[in-house]
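In the two assemblies presented below, chain A is common to both, partnered first by chain B and then by chain C.
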Partner chain A sequence: MDTFIQQLINGLSLGSVYALIAVGYSLVYSVLLFSNFAHGGFLVIGGYICYFVLRSGGANIWVASIAALIGAGVSAIVVERLAYRPIRERTPITLYMLIASMGMSIVIENIFVVTVGGRFRALPPVIPTDPVNFFGLATTSAFDILSLVTAVVFLAGLQLFLVKTKWGLAIRAASYNLKTAGLMGVNVNRLISIVFFVAGLLAGVGGIFLSVRYTLYPQLGMITTKAFVAAVIGGLGSLPGAVVGSLILGVAEMLTAGFISSQFRDLVVFGILIITLIIRPTGLFGKSVGEKV
Partner chain B sequence: MKKVLALLAIIFVICAAGVAFAAEPIKIGYLAALTGDYAQYGITEVNMAKMVVADINAKGGILGRKIELIPYDTKTRNEDAVNAVRRMIESDKVCAIVGANSSGINIATAPIVAKGQTPQISTVGTNPLVTVDNKGNVRPYSFRICFTDPYQGALAADLAYKDLNKKKAAILYNVGSDYAQGLREFFVKDYEKLGGKIVADEGFRETDVDFRAQLTKIKNSGADVLFLPGMGKDMALAIKQAQELGLKAVIVGGDGYAEFMNEIAGPAMKGTYYVNHTYLDDPGMAPIFKRYKEVYKDDCKEFVNGTMAYDGMYWLIDAIKRAGKAEGPAIAKALEATKGLKLHHATLTIDPKTHNPLNKAGIILKVGDDLKTKFYKKVEPK
Partner chain C sequence: MEGYAGGIITLLAINCIAALGVSLFTGFTGVFTLGHAGYMAIGAYTAAILTVEYGVHYVLAIIAGGILAMVFAYLIGIPTLKLVGDYYAIASLGLGEAIRLIIENWNSVTRGARGYPGIEGFTTMPVAIGFLLIMTIGMFFIVYSSYGRAFKACRDDYVAASLLGFNTAHYRVLSLAISGFYCGVSGALLAGFMSFIQPVMFDMAKSTELVSIVVFGGLGSMSGCLLGTTILTLVTELFRPISQYRMLVYGLVLVLVMVLRPEGIMGTSELTASYIKGLFKKKKKTDTAEEGAR
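The block that comes next holds the complex of A and B.
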C-alpha cells in the first residue's frame, strides 16, 4: 500500500508538469487547429533564460522566473511571426504549419547546441528538493509538491484569463471559428500572438521545473512528446482534457514502472494513446469542434 | 638540349612531388561524441588530443612528418559513428583512429576498421566485446587503453561487499547500453560469488530521465547498496531522485562517472563511491591537467577521459614510431607488441590475445562532503 501511494504521488507530480506543457499544445491547437511541435523549444528557452539570469545576473529566483516566462512567451510570438504567419496567410492547410513547427523545433534546439553547447547545466538549488514525509505513508520531495501547486496555480490563472478577460473571450470565440471571430472585429493576428505568448509562458514554467528536476540541455524539449500524447489522450484543444490526460499519463507511467517493469513504460503510454484513439478518436474530452476551450 | 632540359624538368617535378609527399602530415582520426548526451566526455578528449598533437608538432613531428588530427562527431549515436569512421578511412585516409569512449560505438565500428585495416584505440570502452568478438577471437584492429568490465565489476562487488560491508545490493541500469549491461552482469556474478544478494534489478530506457518508480521499488527492497553501472547524466539524476525519495543505500558507480554529476546532483553526491581508471591528483597527470586549464581556460572536469585520450595519443604515436611507417597494418602490429611502455598515468603492456592492457590498477574514488572527488584506494590486480 505504501508503495502504491508513493508511486501515485510520483505520478501526479510528473503529470502536473506534463499538464503545463500539454495545455500549451491544446491552447494553440484550439485556435489554429495544428500541433505546434516547436513547443518544447519554448520550454528550453525558458530554462536557459532562468539559468543565465540566476548564474550571471546574481538575481533571485523570482526575477529569473519572470524573465524566463516573458522570454519564453516572447520567443513563442517571434516563432509564430517568422514561421507560421507567412504560411497561415498563404494557405488554409494546417499541415504545412505542422511541418514548419517540426523544423522550428530542430532550429531552436540547434541554436542552443551551437551557442551555449550541449553540456548539462544544473540550476542552482533555488527550489528545495528535501524529502518530505507524508504521515509515514510515503516520502516525496518538497519540489514535487511545489511543482504540483505551481501547475494548479498557473492552470487556474489560465482559466480565469479565458473566462474573465476580453482577450479570453476573444480566444474562446476564435476557438469556435477563427474566421468568423475575425469578421466580428477581433484582431486575429494579435489574438494569435496572445495565444502563443500564453502557451510559451506556460512552457517556460514547465521549463524551469523540468530543468530543476532533470537538468538543462538543448534536447530537454524532447520530454514534450509525452505531454503531446497526454494532450491527445485528453482531447486536443480541450484544456481540462490536457490536464486530465497528463495526470493519467504520469500516474500510468509510474505505476507501470513500479509494478510491472520500467521497460513497459513507453509501451503503456502509447498503448493508452492508441486505445483512446480507437474508442474516442477525439480524445477523452474532445467534443464537437465548438466546445474546444 | 631540349630533351635534356625536359628530362631535368621532369626530374625536378618528381623530386618536388617527393618532397611534398614526405612533408605530408600523418593523419590521425579522432572519434568522439561532441554533441548529444556524452558530449562532455568527447569534447575533453578532443581537447587533450589537440594538445598532444601541438606538442609533438612543435618538436618536429614523427618520422619527419607533422601530425594532423581529424576529429569526427559521433553525436553519441552508433550510426553516426559508423559513417564517421567510413569517411575517416575512405576519404580522409587516416592511418589510425583514437576514440570513441563508449563500448557500444566501438563494437559498432570494429568491423569497419578491420575491413579498412585501420587500428582503433578505444579510450574508455570497457566492454569485453570491444576488442574480442562473440566467438572469443581477438579483433585485429581494435585496441583499448582502459581495463575491462569483468575487472571493474569485480572491483565494484569487492568494494560493496568487503569494504563497505553491504550484503544486499540493488541495481539500476540502462537496458539499451552495451556498457551498462556488461558491467551489471559482471557485478552480479562477483557479488553473488562473494555471498551477497541482489534484491532489486531495475532497468530503464535510454531516453528516460525519471527513475523514481524504480527507485521506490529499490527503496522498498531493503537494499543497503545501490550499484549504478551507468553514464554521468543518468547516474546523477538517479542519485538526485534517490535522495529525494529518502533512499539510504550507499551508492557505488562505475567509470561512466564524471565530475559534471556533482553539478547536477549537488549534495546528493556526498558519500558515493566510484570505480575508475585514474584520479585527479595522479602525479603523472597533474601537470597535464594544469596545462589543460591554461590552454582551455577550464578545469579538465572529465579527467578520466582526458587522461585516456592523452595517453592513448602517446601510445599511438609510440606505435607509429616503432612501426617506422604510418600504415594501418604495421601500426596494428606495433600496438599489439606494446610492452612496458611508460605513459603518464600507467605503464602499458598489451595482451596480444585480447588487445587489453595487462595489470592496470583500479582506482576507487569517493565524493567528499565538499563535493570534491577524492582518492579512496588503489587496487593492484592480482
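The block that comes next holds the complex of A and C.
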C-alpha cells in the first residue's frame, strides 16, 4: 500500500510536469492546427538557461527560473517568426510546418550539442529533494510535491489568463476559427506570438523540473514525445484533455515502474495511446475533426 | 568501386528503398506517418535471425523480412487507418516505438538492447543496387496503375473518392502494406550491410528522417523522393568530418527547404526527359512574356 501511494504521488507529479508541456502543445495545435515538434527544444532552452544562470550568477533560483521562462518563451516566438510564419503566410497546408518544426527541433538540439557539448549536467541543488513523510501514509520527495504544486499554480494561471483577459478571449476565439478571429479585428500575428510565448514559457517550467529529475542534456526534449502522446489521448487542442491525459500517463508510467518493471513504462505509454485512439479516435475530450474544419 | 564510396552508394540505395515506401504512403496516399522505422526493424530482425540461426539464403531472408513487415503493416492498418490527420501520425509514432520496445525487451529472440551481432555481410553494392532497380520499377508500375490512381484520389479528396465508389479505407491499408514491404526490405538490406543491428537504429529519429526525406524531395514525386534521399544522405555523409555540425546542417536544410520551397524540390512532377526540357522552355516562355509586357 505504501508503495502504491508513493508511486501514485510520483506519478501525479510527473504527470503534472507532462501537463505543462502538453498544454503548450495543445494550445499551439488549437490555434494553428499543427503539431509543433520543436516544442521539446523550448524545454531544453529553458533548462540550459536556468543551469547557466545558476552557475554564473550565484544560486538564486528565482532569478534563474524567471530568466529561463522568459528565454524559453522568447525563443518560441523567434522560432515561429523564422520558420513557421513564412510557411503559414504562403500555404494553408500544415504538413509543411510540421516538417519545418521537426527540422527546428533537430537544429535546437544540435546547437546545444555544438556549443555546450552533449554531456549530462546536474542542476545545482537549489530545489529540495529530501524525503518527506506524506501524512504518515508514505514517504515521497519534497521535489515531487513541489513540482506538483508549481504545475497546478501555472495551470491555474493559464486558465485565468484564458478566461479573464482580452487576449485570452482572443485565443479562445482563434481556437474556433483563426480566420474569423482575424476578421473580427484580432491581430493574428500578435496573437500567435502570444500563444507561442505562453507555450514556450510553460515548456520552460517543465524543462527546469525535468532537468532536476533526469539531469540536463541536449536530447532531453525527446521527452516531449510523451507529452504529445498525453495531448493526443486527451484530444488535440483541448486543454483539460491535455491535463487529464498527462495525469493518466504519469500515473500509469510510475505504477508500471513500481510494480512491473521500469523497462515496460514506455511500452505501457504507447499501449495506452493506441488503445485510446482505437476506442475514441479523437481522444477523450477531442472535438471531431469534421467539426473543426 | 569499393571502400568508402561504395559504402555510401550502398547506404544510399538502402535509404532510397525505404523512402520509396514512405513516399507511396505519405506522398501518394496522403497519410502522414511517423512510425515506418518500426517496419524497417521488423525486416532487419527477420533477415538477421533467418540467415544467422536458420541458414536461409539471403535473398529469401530479405524477401521474408519484407513480407513480414507487410503483414504487420496490414494488420496494424486495419484498426488505425480510421484515424485522420495528426491523430494517425501520433498513433503511428506510438506503434513504431512499440515495435522497437518489443524488440528491445524480447531478449530470447532478439538479444535485447545490446543488438544482434554476427550477420553475414550479404548486402554488397550490386545487391543493393539490384534491389533498388527492381523495386523502383515495381513502384512506378504501382503508381501508374489503377491502384496508383486510386491512392492519389484518396489523397486529393477522400470524401469525393469515397462518393465515387472507392473503398478509401481499403486503399489506405493496401498502401500502408506495400510501403511496409518496401521498408522491411530496406531494413533487411541494412542488416546485411551493417552486419550488426540494434533497436536504437530504428527509433523515432529514423522515422522522422524518412518522412522528412520524402517531403524534402516532393510529395507525390517518386523521382523527387530519390533525389531528396540522395541529397540528404550526401549532406549527412559529406559533413561527417565535422561531425558535430552534421545534424545542425541537416536540420537547417530541412527548415530552409520548407520555408523557401515548401512543396519540396520536385513538387509533384517526375524527373523525366520532357520535364528537363520543360524547365528550359518555361524559362524562355517567361522571358518572352516579360518582354511582351514591356
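Criterion: the second predicted complex is superposed on the first by the 286 of 293 C-alpha atoms of A that agree within 3 Å, B and C clash if a C-alpha of one lies under 4 Å from a C-alpha of the other, contacts with A are read in each partner's own complex, and residues count from 1 in each chain.
To be clear about the criterion, a contact is a pair of C-beta atoms (placed from the backbone, for glycine too) under 8 Å apart; a residue touches a chain by one contact, two chains touch by 3 or more.
Keep in mind that what you see is a predicted model, and the values were worked out from it rather than measured.
Residue contacts after overlaying the shared chain place A:Asn177 against neither chain B nor chain C.
In the overlay built on the shared chain, the residue A:Gln7 is in contact with chain B alone; chain C does not reach it.
Look at A:Ser141: by the touch rule set out above, it reaches chain B but stays clear of chain C.
In the superposed model, A:Asn60 makes contact with neither chain B nor chain C. Look at A:Ile274: by the touch rule set out above, it reaches chain C but stays clear of chain B. Touch criterion met: A:Ile223 reaches chain B, while chain C stays clear of it. Touch criterion met: A:Asp266 reaches chain B and chain C at once. When the two structures are aligned on the shared chain, A:Thr165 is found in touch with neither chain B nor chain C. Within the superposed three-chain model, A:Gly258 lies in touch with chain B and out of touch with chain C [touch as defined at top].
In the superposition on chain A, the residues of chain A contacted by chain B and by chain C overlap at 113, 222, 263, 266. Those residues of chain A whose C-beta lies close enough to touch chain B in the complex are 2-3, 6-7, 10, 14, 113, 117-122, 125, 129-131, 133, 139-141, 143-144, 213-215, 219, 222-223, 253-258, 261-263, 265-266.
Per the touch definition, chain A reaches chain C in the complex via residues 29, 34-35, 37, 82-83, 86-87, 90-91, 93, 95-100, 102-107, 109-111, 113-114, 222, 225, 228-229, 232, 236, 263-264, 266-267, 269-271, 273-274, 277-278, 281-283, 289.
Partner chain A is touched in their complex by these residues of chain B: 34-36, 39-40, 43, 175, 202-205, 207-214, 216-217, 220, 232-233, 236-237, 240, 243-246, 260, 263-266. Only residues 32, 79-80, 82-87, 89-91, 93-95, 97-98, 101-102, 104-105, 204, 208, 211-212, 215-216, 219, 244-245, 247-248, 250-255, 258-259, 262 of chain C touch chain A when the two sit together in their complex.
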